[in-house]
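A, B, C and D label the chains in the order they appear, each numbered from 1.
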Amino acid sequence: MKIGLIGLGKMGFNLGLNLLDHKHEVVANDVNEAQVRALQSEGAIPAASIEETVQQLESGKRVLWLMVPAGEITEDLVLRLNDLLDAGDIVIDGGNSNYKDSLRRAELLKENGIHFVDVGTSGGVNGAREGACMMVGGDTDVIKQIEPIFNDATVENGYHHAGAPGSGHFLKMIHNGIEYGMMQSIAEGFDILEKSQFDFDYEQVAKVWNNGSVIRSWLMELTENAFSKDPKLDQIKGVMNSSGEGKWTVETALDLEVPAPVIALSLMMRHRSLEDDTFTGKVVAALRNEFGGHAVVKK
Amino acid sequence: MKIGLIGLGKMGFNLGLNLLDHKHEVVANDVNEAQVRALQSEGAIPAASIEETVQQLESGKRVLWLMVPAGEITEDLVLRLNDLLDAGDIVIDGGNSNYKDSLRRAELLKENGIHFVDVGTSGGVNGAREGACMMVGGDTDVIKQIEPIFNDATVENGYHHAGAPGSGHFLKMIHNGIEYGMMQSIAEGFDILEKSQFDFDYEQVAKVWNNGSVIRSWLMELTENAFSKDPKLDQIKGVMNSSGEGKWTVETALDLEVPAPVIALSLMMRHRSLEDDTFTGKVVAALRNEFGGHAVVKK
Amino acid sequence: MKIGLIGLGKMGFNLGLNLLDHKHEVVANDVNEAQVRALQSEGAIPAASIEETVQQLESGKRVLWLMVPAGEITEDLVLRLNDLLDAGDIVIDGGNSNYKDSLRRAELLKENGIHFVDVGTSGGVNGAREGACMMVGGDTDVIKQIEPIFNDATVENGYHHAGAPGSGHFLKMIHNGIEYGMMQSIAEGFDILEKSQFDFDYEQVAKVWNNGSVIRSWLMELTENAFSKDPKLDQIKGVMNSSGEGKWTVETALDLEVPAPVIALSLMMRHRSLEDDTFTGKVVAALRNEFGGHAVVKK
Amino acid sequence: MKIGLIGLGKMGFNLGLNLLDHKHEVVANDVNEAQVRALQSEGAIPAASIEETVQQLESGKRVLWLMVPAGEITEDLVLRLNDLLDAGDIVIDGGNSNYKDSLRRAELLKENGIHFVDVGTSGGVNGAREGACMMVGGDTDVIKQIEPIFNDATVENGYHHAGAPGSGHFLKMIHNGIEYGMMQSIAEGFDILEKSQFDFDYEQVAKVWNNGSVIRSWLMELTENAFSKDPKLDQIKGVMNSSGEGKWTVETALDLEVPAPVIALSLMMRHRSLEDDTFTGKVVAALRNEFGGHAVVKK
């Protein structure tokens, strides 16, 4: 098929290579021209602008895949495409958008007869290159038209049409929420090992846990890799950033009144890691001093 | 009544003054002679040793109040008194002992006919001086004998015979568990205020919350005091130490299969505050780098 | 002063009585006519509609106090008042509105020169009647004009001008978040007592904790009251509803990246209490069966 | 090698078959004679008692593998073997013992020159049969002697000598703690899906997550299996039992002052699932009624 691919960052560029490998025609656009030329040298058709990308595709049958940062950039792009596209065209948002935005955008585009498909993509940068996991939301007849792309872009059994528009990003959000909990679980386990009286070899521990144990998993394989490079992780600080989906998962859990303490705490411990000192701690220390005369640590 | 008071630290010394105020005879002992002399100058009978303390009291009617650190020191003292005392004598442990130790010690002393009474004391150093809150465990007939002491040592309605030996320290443990949760709740609230877009005056906030609100409490009054001295708590670090009862509360909750997430998390956030960096954080940061190429913060 | 009071439910009616006690003129309106007549019989001036309420007050000096449910009803009322009022008039929202709505409404009314004041009220129904705790947000010169009302409506020291519009509801939100944590802390403590080997008298426990202990508080007094009526709470189910502020507190904590595990868990345990069985539990039980052959409980 | 295998339950019996497959001589004993005969029919040498098991093995070179329930049964067995065995013999505890017990038992047996080896086994019943994951604690020269057994009993790379005696069970404990957190994470994710506005096919969701996603794992494969049999888990109740290691992990985290909120909450939500109603909930509901007049749910 012929696909307009907008956004050639780490994920988008690799997805482009992947689609080219599978003999799709890729019309490539990015704000960074160098990226466009780089993908052109791999066989893509370059497009200097959104407009040019749109023009290179056949009206009413266009497929435009956005692989750009969630939030404002995606919003702007959807609004522009809403003006440029024709009824029957398909916009695929492959970024990490909030499913509430996807629901809204699907409604918006629908007014002009434009179809919206939301794709949650997992598997990291390598997944984008060699076959990712894709959770797809969209109307069934629309999905049918473009299913070959998803089958090509994913690993075997790594594509799933989850349901109506929005459901793909919803599923990806929950996937990431689970990921937060799994990562924090693994990390807490190693933290206890680190403080214990024993002298464990963490790479070997992760390795044995990857062979026959209940907790064998890709994340544990990555843990094994990480420890193989830096046995005690001496070179990095324990700063845990986050990128939105974990927070959205917790907010959704609150909206739906689902207790999700493990996912919530995984996120909150990430927030805690961003601070060297806390006001919470100051208040508790001050109170202990007030009622019990317990010494505080002066700054 | 005539009471042997062993342990003249912050709490014990003030308790001694309090008992003297109420016309009790206090035989005072401490490893620190200066403290003994100090209480002597307030009217106490000095005792240079445990043996001398015991000798100053009438066999079979002795009342010995221990106000020493929980753990080894209390254990040693109970074992020594087990050798020195006679049937009918009463040992009161007014420290923060684990109730499991109290249960065991009550059994041990019972073999020699010695009575054991466990007193959980709350209200801080001032409480010990001017009237504390005392939760008392012990056999009813034993408690009857010494009830006047408890009535004198406490504020009005601040004395409660909770049940069998061990129940006093159990109740104090739970009291402290609740205290951990309340303090963390208050502190989290002020932490959110601190990060907000508004510019709150924390002393005034605590003050208004102490007048008519649902959360008015002694801890909020102490919060008001703390902020009146240091409006943003700039002078102290957020290091939250702990002294045992919170941990025992969580362990007891686990033993009894009671979900106690709030008390548990209050304790765990204290533990978190003792660390500048965490191994948990390093593992999560390393994993994010492995699968998503997210940058780590180098040390 | 002359005040238009819209909303005569449990809180509003009692506030009306309180204002009348303090010799204010109250123009009273409610969708329920019977409530209007009831407050009329206590001295209020009845108003059959919002319009009539507005007409009874002097243009440019009007003070309208809304005591209606947060959300749609408040929103509708503010929009109607925005059309009806004149520059210089003051709208007070005394309900439990989300501070984000208050920020927005303050901006909206400002365009017409109408002042917005947000009042977070604590102390329950009795507080409204006899003197509440009020946390007030609004511009300083506006607040100055109506400060006498707040001083009369509150207990001594129970009024605080917290800052700019929105800050009153923000403070009330955090107050409730702290309240959630305190209540859950107290409740967890009693739950552990209930499962313990001892036989505690909960009313007496709450009573002793209210006299001299670190955790003495109004909530503990209410706990004492509750146990005095139903010693084991045999007559009620442990269903913990919630009304918004706790959730907003957690959402705000997430927005501001403040770890607030205790407040978050207090809310999540409330959500858990609304369910007889959980899908989470089913998944874990199914997994234990899959890997370990552990028996599941059949429905 | 010739191995005395005591305990032929689900795990022990399968381990026996596995060892026989690998041409080891197995002297089999169990309190249940039928199990002994069953393994005899597969090639094992039957032993009617512990004593007979011991006699069938060569003094000073004996290897006795215990596969019995942790706690009292293991304790009794270790004490009996301490009397029966000779210096140089090896006792392997393959059960889920607390590592603190293993540390103590290693010291105890050492006094008689008997070696103790603790083996944490993961992989479930099938793992025991076809190759498990084994984390082994013991002195290096002792482990050397019996390493061939571990290599045969495990999957490739599924054996790890973790360190000194106790370290095997410590590692297994942490493994299970991580497992608790991972399971709860997965389960919370599906719970949010279940309450959402979408209509997900959980088997397909688990399947796509097992192919190319970050959270692909054996536990997710088991999730897929579980949903393939019962698409909405309608047939089971969400009762989450636990068997000790999760609790020990949390207790160890508390001892070592490691914050482990995710593992702790995973356990506490299991405890919560054992109750239909909670005292915590009753207290909170009663308090809401006291201060706000909020209706309680009557029993």
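In the analysis below, contacts are C-beta pairs under 8 Å (C-beta built on N, C-alpha and C of every residue); 3 or more make two chains touch, one makes a residue touch a chain.
Being a predicted model, the structure only gives us computed values, none of them experimental.
Should one ask which of A-D and A-C has more C-beta pairs in contact, the pair is A-D. Taking the mean Cα position of each chain as its centre, C sits at the greatest distance from chain D. Averaged C-alpha coordinates put the centre of chain A at 38 Å from the centre of chain C. Separating the centre of chain C from that of chain D, both taken as means of CA atoms, is a distance of 48 Å. One inter-chain figure worth recording: chain A and chain D are separated by 34 Å, centre to centre, where each centre is the mean of the chain's CA atoms. Residues of chain A in contact with two or more other chains: 124, 184, 186, 188, 191, 195, 214, 218-219, 253, 257-261, 265, 268-269, 272, 278, 280, 291. In the complex of the two chains, the chain B residues touching chain A come out as 10, 124-125, 183-184, 186-188, 190-191, 194-195, 218-219, 222-223, 225-226, 230, 233-241, 243, 261, 265, 269-270, 272-273, 276-294, 296-299. Within the complex formed with chain A, the residues of chain C that make contact are 214, 247, 250-251, 253-254, 257-261, 264-265, 267-269, 271-272, 274, 278, 280, 291. Across the complex, chain C is touched by residues 122-124, 127, 131-135, 154-160, 162-164, 166-167, 170-171, 174-182, 184-186, 188-189, 191-193, 195-196, 198-200, 204-205, 207-220, 249, 252-253, 256-263, 265-266, 268-269 of chain B.
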